[in-house]
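For clarity, chains are labelled A, B and C in written order, and residue numbers in each chain start from 1.
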Amino acid sequence: MSDGTPASPRERELYQELVCLWKALQEETDGQWGRTLPLGDYFVDRWEKARRLGFGEGTSIYDSALVIGKVQVGQQTWIGPHTVLDGSGGLEIGDWCSISAGVQVYTHDTVARVLTAGKAGPEREATRIGSRCYLGPNTVVAKGVTIGNGCVIGANSLVLQDIPTGSKAFGTPCRVRGEVDVPPIELREDSAGDSPDPS
Amino acid sequence: MSDGTPASPRERELYQELVCLWKALQEETDGQWGRTLPLGDYFVDRWEKARRLGFGEGTSIYDSALVIGKVQVGQQTWIGPHTVLDGSGGLEIGDWCSISAGVQVYTHDTVARVLTAGKAGPEREATRIGSRCYLGPNTVVAKGVTIGNGCVIGANSLVLQDIPTGSKAFGTPCRVRGEVDVPPIELREDSAGDSPDPS
Amino acid sequence: MSDGTPASPRERELYQELVCLWKALQEETDGQWGRTLPLGDYFVDRWEKARRLGFGEGTSIYDSALVIGKVQVGQQTWIGPHTVLDGSGGLEIGDWCSISAGVQVYTHDTVARVLTAGKAGPEREATRIGSRCYLGPNTVVAKGVTIGNGCVIGANSLVLQDIPTGSKAFGTPCRVRGEVDVPPIELREDSAGDSPDPS
């Protein structure tokens, strides 16, 4: 907008109020938490959204995450912005996972629908992700896949086949490259890790 | 926000109203359609946005899709969230396509602009995507590319060259790996396929 | 929503006002700039957001970009939608860069945190991106990486190691493939390049 002048006086007023509200929210949140959020995340609390979806204690999910159908998520899992969780074919995710920004997890696809111009419907299959899994940024998990506990999936991967428990895997298509080394547990010096607003 | 207290009383009131409105919309939409949307998608109807852009009958496009310049899209095409359709150099997309979440289709790039610190402008070239094309999640299509009808492009691909009609292609850079098998048409048992709110 | 009827009359009214406001903003912005934005971008000015973050003159950043911690950005840099800039470990980005849509730049990771079910905290390391760098769409830059001046990083890359000045690099993991050719500077015929609202 060049001049901020939508059609009616009421709309014009609401527009100005929202612009001012954004400035106030940006300033307050940046001052308190050191972060600047997309507009929707100022109104949608990540933990409240997770609770309303029936996810476990301590799990959070950004406003820009699109959630379709029946998705079950355990405790203390972090679900980032710009994600898609498709539970239309049944999706389960465990405890203490990181579902990084840009990750998309599917339980349907529309390839047959597209190729037949809608004569075939979408195909659906359940997907399962265990506990303590790290899914790197922009990773895509196809319908029907099972990922075991304690797996690390590298960024930009496309997971088309099952990944066994404790695997380190990456690539498009995603392949197992080794076993995960569980790090020796260190004292946490970083207070941000205990904050109610961890990244 | 820790305490939900922006600057002025009017802003504070509007903030609370929007938080309550989100809760009402989330509950209603989840109850009726089994989905939880990013905030913007509660206010922006996917079909209305497509109509306003002049796209064909039955085509839908999520609120988070950024549309630049002149984009022509046919009928019954699904355009997902977190996408970019850049028509600044002229973009055409056919009927019955799936433009999956995270897909970006370009008709310009700014490589020369960046390398010359703005002395060279953006470069533009028209891009065309045929009908019945499936573009997998997070696929990027560069300026000047033509993708024929009935193609399946795998997730996480980067399409730099033309893809002939009926091709199965994937990778970064994207290469043709075979021909598409059009599935034998099956009776659609899944009522979701007929819903006005398909995934 | 099928009928646009949230719980209370006030909420119902606010809902209708916002839907009408979106229509007015969409029409006006499309008419003036030839673009249709995600809802948040009508309220959050890209240059104003950059100024509030202390970024340099002429730098812009879309509403859907999530900014965490301390991020320093120079002048005339373009930061696209659906991006993540994580400065929790200290992030610097130079002048005249293109941080394309879907790019994520990190200074922490939570792999150890996930694998130990929270007993280990996040790990942090500073990341630096020079001036005149083009980061292609959906590229992910890991914590601790330094990218020199004048680099071109291809789309869908995962940058795990330092990239020297003047490099052309791509892939997952990202590797140097050659040197950047700085294009001979051409007269800019494209007026869009001088617009206050360039893509």
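By our rule, contacts are C-beta pairs under 8 Å (C-beta built on N, C-alpha and C of every residue); 3 or more make two chains touch, one makes a residue touch a chain.
No experiment lies behind these values; they were computed from the predicted model shown.
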If you fit subunit A onto subunit B using only Cα atoms, how far does it have to rotate, to the nearest 5°?
-> 120
Look at both sides of the subunit A and subunit C contact and report whether the same residue positions are involved, with over half shared, or different ones.
-> different
Where subunit A and subunit C are represented by their mean Cα positions, the distance between them in whole Å = 18
Check: subunit B positions touching at least 2 other chains come out as 18, 39-40, 64, 82, 102, 138, 156, 172
Please give the residue numbers of subunit A that touch subunit C in the complex, ascending.
-> 1-2, 5-8, 10-11, 14-15, 18-19, 22-23, 26-27, 30, 34-41, 62, 64, 76, 78, 80-82, 95-98, 100-102, 131-134, 136-138, 150, 152, 154-156, 170-172, 180, 182-183, 185-186, 188-190, 192-193, 198-199
In their complex, what parts of subunit C are in touch with subunit A?
-> 17-18, 20-21, 24-25, 28-29, 32, 39-40, 42-44, 49, 52-53, 63-70, 82, 84, 86, 88, 102, 104, 108, 110-122, 124, 138, 140, 142, 156-158, 172
